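All chains are identified by letter, namely A, B, C and D, in their written order; residue positions are counted from 1 within each chain.
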Amino acid sequence: MVTETTTWKADLTVDLAPNNPRELVLRNPVIPASGCFGYGQEYAGIIDVQALGAFCSKGITPEPRQGNPMPRITESPGGMLNAIGLQNPGIDGFIRKYPPVWESWDVPAIVNISAETVEDFAMMARKLDDVPGVAALEVNISCPNIHAGGFCFGWDAGMSAEVTRAVREATTLPIIVKLSPGAIDIPEIAMAVEEAGADAISLINTLVGMAIDTRTRRPKLANTTGGLSGPAVKPVALRMVYQAAQAVRIPIVGLGGITTLSDALEFFMAGASAIQIGTAVFSSPTVLTRLIDELGRWLDAQGVASLGEIVGTANPRFRGHESTPATASGME
Amino acid sequence: MVTETTTWKADLTVDLAPNNPRELVLRNPVIPASGCFGYGQEYAGIIDVQALGAFCSKGITPEPRQGNPMPRITESPGGMLNAIGLQNPGIDGFIRKYPPVWESWDVPAIVNISAETVEDFAMMARKLDDVPGVAALEVNISCPNIHAGGFCFGWDAGMSAEVTRAVREATTLPIIVKLSPGAIDIPEIAMAVEEAGADAISLINTLVGMAIDTRTRRPKLANTTGGLSGPAVKPVALRMVYQAAQAVRIPIVGLGGITTLSDALEFFMAGASAIQIGTAVFSSPTVLTRLIDELGRWLDAQGVASLGEIVGTANPRFRGHESTPATASGME
Amino acid sequence: MASAQLIKRQPAPTREFTGTITERMPVMGDAWLVTFTAPKELCAAARAGNFVNVLPHDHDVFDPPLRRPFSVYSVDVDAGLMTLLVRPYGRGSGWIVERQVGSEINVLGLLGNAFELEPKSTHALMVAGGVGAAPLLMLAREAVARGVSVTYLMGAHTAEALLEASELPDEVEYVVATEDGSAGYKGFVTDLVPNYLTWADQVFTCGPTPMFYSLRQVVLANRIGTKPPVQVSVERTMACGVGACLGCMVETRRGMKPSCVDGPVFHMEMIRW
Amino acid sequence: MASAQLIKRQPAPTREFTGTITERMPVMGDAWLVTFTAPKELCAAARAGNFVNVLPHDHDVFDPPLRRPFSVYSVDVDAGLMTLLVRPYGRGSGWIVERQVGSEINVLGLLGNAFELEPKSTHALMVAGGVGAAPLLMLAREAVARGVSVTYLMGAHTAEALLEASELPDEVEYVVATEDGSAGYKGFVTDLVPNYLTWADQVFTCGPTPMFYSLRQVVLANRIGTKPPVQVSVERTMACGVGACLGCMVETRRGMKPSCVDGPVFHMEMIRW
């Protein structure tokens, strides 16, 4: 499973923020997903982190969080459930501790932020705006809005747009808004955040699931429910990426169960410009560099000069290559 | 994998329509799921169909349907995608063809009905009301409402209640309303259909997913998207059953990925009074009789006299055993 | 006219059983003959064209979930043994050929209908491609046993991928074609078909889908009227194998039919190509 | 005071590598010693307490997805071999013990910290339960090599489930307890601990969680002050194994700590029981 460094001709670069002066150019489209790569250092001794397209940090919150009680993870068929509870040092502790390290790295660091109010999202964005070592923000709207009785921001187009707009006004950094699979109408949410100023969207976050220990007759996770991820969710994630790619023109970062080159190609062909790898990193950290390698060699073998040429090829109504800006009315 | 017939002491019987004079008493809680057991005859030569608690028919529609073009099924990690397209002879053809056969069987037959208008649901219920051989209806509200621009009935509490009420008025047969996992707020939907007169609810139907053939760069299913089922969806299904069991008092039929005794016990402990088995029947038809057998022996080994005693035991806010009728206001 | 009908499934029992692998033999280059114990009633009832669905994972693993269909290659009724010809292709077949002698596999069968050798037929032409050789080998044996003279055409990309002649009864005329010319005729097996169309009373075929298309062209262009009639065994992804899921349909002149019950064998005319 | 600290992870390389199984040996009743090829740098760096995460499925199967942690049981640095003691329990360990000699397994390691034998320690007590024998066996060898006198207490339900005395260096005093009395003391291994608390400078333990609880009771009730200090290797379900997922936490007096990095070995005092 160890990747031998090979070379390929194909162009794997991708810009995830084409409309943003601060841009987000990746040398390749492979990004470890938030919460599955710590803060980068954890894997620095195992793979060449600077060979990646970028990496996402663990979700950061306004205040430090101890996270949920144990057990926090359990396995499910073809997947896993997690209820980490966003354990993190909080925005201030985070800024002191990690960006200074990343500054010396030649790979874009994307900071994943979570909050329970629009104001807190904006506050974190403002604090991160000019922190050296921070290349972009990923806005996790799969969290409960305490002003909406715990109803998740990402389930409602209006609330999703509100968060996006507030973050947009608070920073000029490239913004990737990460959608929740709990929403009924993904295209509606995607268009709403695009219009609200998102540079790109990423999807999907985890599905809500649970497991019960039949010996103790209690939920396996102390938190009762947890987020389902891994190969099991791939078909749902791919469908949502496919739908979103018919709704918006901004770049889409696809994720959810991606483990093999074939999985990755499915997401690109559905309309994703880049991909994130979460659970598969746990199964095989080298999957990240291996996918870059296999992708480059596959494109060469297919005689395709650049990755962009296969993006959306399986999606007849793919809008990513349109030149006119997308508007809700622009949709059929 | 062949089940040797063993005997057990535990009482496995369950009544899925305690508030209905026509009741729906099953000798055990194991039911093959709609679309995964044909019309019963397909498996009659392989397992003892009359040993089952009941069985669900393929989904029946107002008119005959040819179904979707091929391919209709494909495999996914720990699951499968299907887009059969409700191929069936239509309500009239169905009534002529199958109930007469079932009449001589000593096992309740549950007819699964699908429609795109409230009126059609009611029409089918009316036609089935006094058909010998039909024990109950399962109302599949995971279908698009053509009067709501294809928005699925089951995603909206109002529309779900409307269908339930119409079916309730059209028949005195026990009604099981089958919920869609696409809904954001399962408890809200569950309470709405309970108040609208459902005798029981079943959940979950399939999640919407897709797969792409990277060689042809086209969706693997002719229909593009399909329903995801199998072990992969179990955590999501279990979570929804757990939530529904905190919302309603009517019996709950749990399904979604159930394959092993341990899976089945998870659903009972979450609050399901009975279970349905879909995809696992394809992997192993004998799973149905084997689960009944293993369940009986497990209860004996645990010294539990009746299945009911373990229902909801992992769910602190389980309402199934409450005596006062549930109302929306009855919820915190 | 027979060829306007579906081919009825003969009354054959269907059981889910656990077989123990007794032999693994490499054949046809990268394929394997996998032999396992099976109920004698099933071995006795098996006809050429019938298939079984094999569970491609251990009991406590959930992936890959769906059974894989394999035509019955041969049976030993007295010993209660069934043999399948398995070419490792992807996840399922790969898992199966890795099972060692002594390990168990879960099998669902008998499934599907069988090739129909008409009573008055005296000359049968069989056209095999790749693992399509399996059901036709069994058919050749049935035909020879009934005194029918059989010509068995087989195509492959190269010599070593061909079925061993020794597997066929001596009475069978075995003619091969290879794309690289390493054995027999150099080219596609379907090129050989015209020479036999006047000789044969019936044609039976099983192989990759592209082969069906060219065979169909060749037959329609060269036969006289509707003679000889052609029976084809088709391939579809399957879930249940018993007509319950409606996932393996073939579009026929009688509508969408499950190939696991009304097939895998169809009269060529019945299929809407 | 040392026991108020976390035990630092020694600088050990972590690699994802594919090892080829060279030997499978049944031990301790139903368990197996599984030996496979591993990079020499890892074998050389391995210390008692370190573990590796084994991928419990073939490359094209997606279930079960998560790696399973196993303590290093022994290494052969010159030959580049690593051995694990695996008791088949569920899906992952069951798959691993079924791998035959010659098959490959994907391994991530070295992971975690190691037991800390203090320089001034001359008497070490080890208390092993079940497969917890693995890291302590390696520790016993390290201790003996450093001239430390070792008493190794092991408990099991019955005689055949015990570690073979021959696995331990001759210098080690091996004392066993069985619940059925079929060997050594009849009862729990923790009952034997009091006899050694004055003798030992340090106590090291690994075993099922219930054993930790009773050991802790016994130690707190019988030792003088905080002497001897106790180091325990704990078990948590893991995903990443490198401190990235925060799924394997242990609640310590310094907060929630990942047991894959700040453990698996902890000073008993540091854990909030």
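As a working rule, a contact is a pair of C-beta atoms (placed from the backbone, for glycine too) under 8 Å apart; a residue touches a chain by one contact, two chains touch by 3 or more.
Everything numeric in this text was worked out from a predicted model, so none of it was measured.
Q: On the document's contact criterion, could you list the chains that touch chain A and likewise touch chain C?
A: The common neighbours are B, D.
Q: Where the centre means the average of the CA atoms, what chain is farthest from chain B?
A: Farthest by centroid: D.
Q: Weigh B-D against B-C on C-beta contact pairs and write down the one with more.
A: When the contacts at B-D and B-C are counted, B-C has more.
Q: In angstrom, rounded to a whole number, how far apart do the mean CA points of chain C and chain D lie?
A: Each chain reduced to its C-alpha mean, chain C and chain D end up 54 Å apart.
Q: If you average the CA atoms of chain B and of chain D, how far apart do the two points sit, in angstrom?
A: Measuring from centre to centre gives 47 Å for this pair.
Q: Using mean CA coordinates as chain centres, what's the gap between chain A and chain B in Å?
A: Here the centre of chain B sits 35 Å away from the centre of chain A.
Q: Going through chain A residue by residue, note those that touch at least 2 other chains and give them in order.
A: 77-79, 230-232
Q: Provide the list of chain C residues touching at least two other chains, using ranges where the numbers run on.
A: Those would be 60, 62-64.
Q: Which of the residues in chain A end up touching chain D in this complex?
A: Going through chain A, the ones touching chain D are 1-2, 35-38, 42-43, 45-46, 58, 66-67, 70-75, 77-80, 82, 84, 87, 230-232, 259-260, 279, 281-286.
Q: Which of the residues in chain A come into contact with chain B in the complex?
A: 76-79, 81, 155, 182-184, 207-212, 214, 217-219, 224-226, 228, 230-236, 238-239, 242, 257, 262, 265-266, 269-270, 310, 313-314
Q: Okay, in this complex, where on chain C does chain B touch?
A: 13-18, 55, 59-60, 62-67, 106, 108, 236-251, 255-256
Q: Which of the residues in chain D come into contact with chain C in the complex?
A: Residues of chain D touching chain C: 57-58, 60-64, 90-91, 94-95, 100.
Q: Which of the residues in chain B come into contact with chain D in the complex?
A: Residue positions touching the partner: 77-78, 231.
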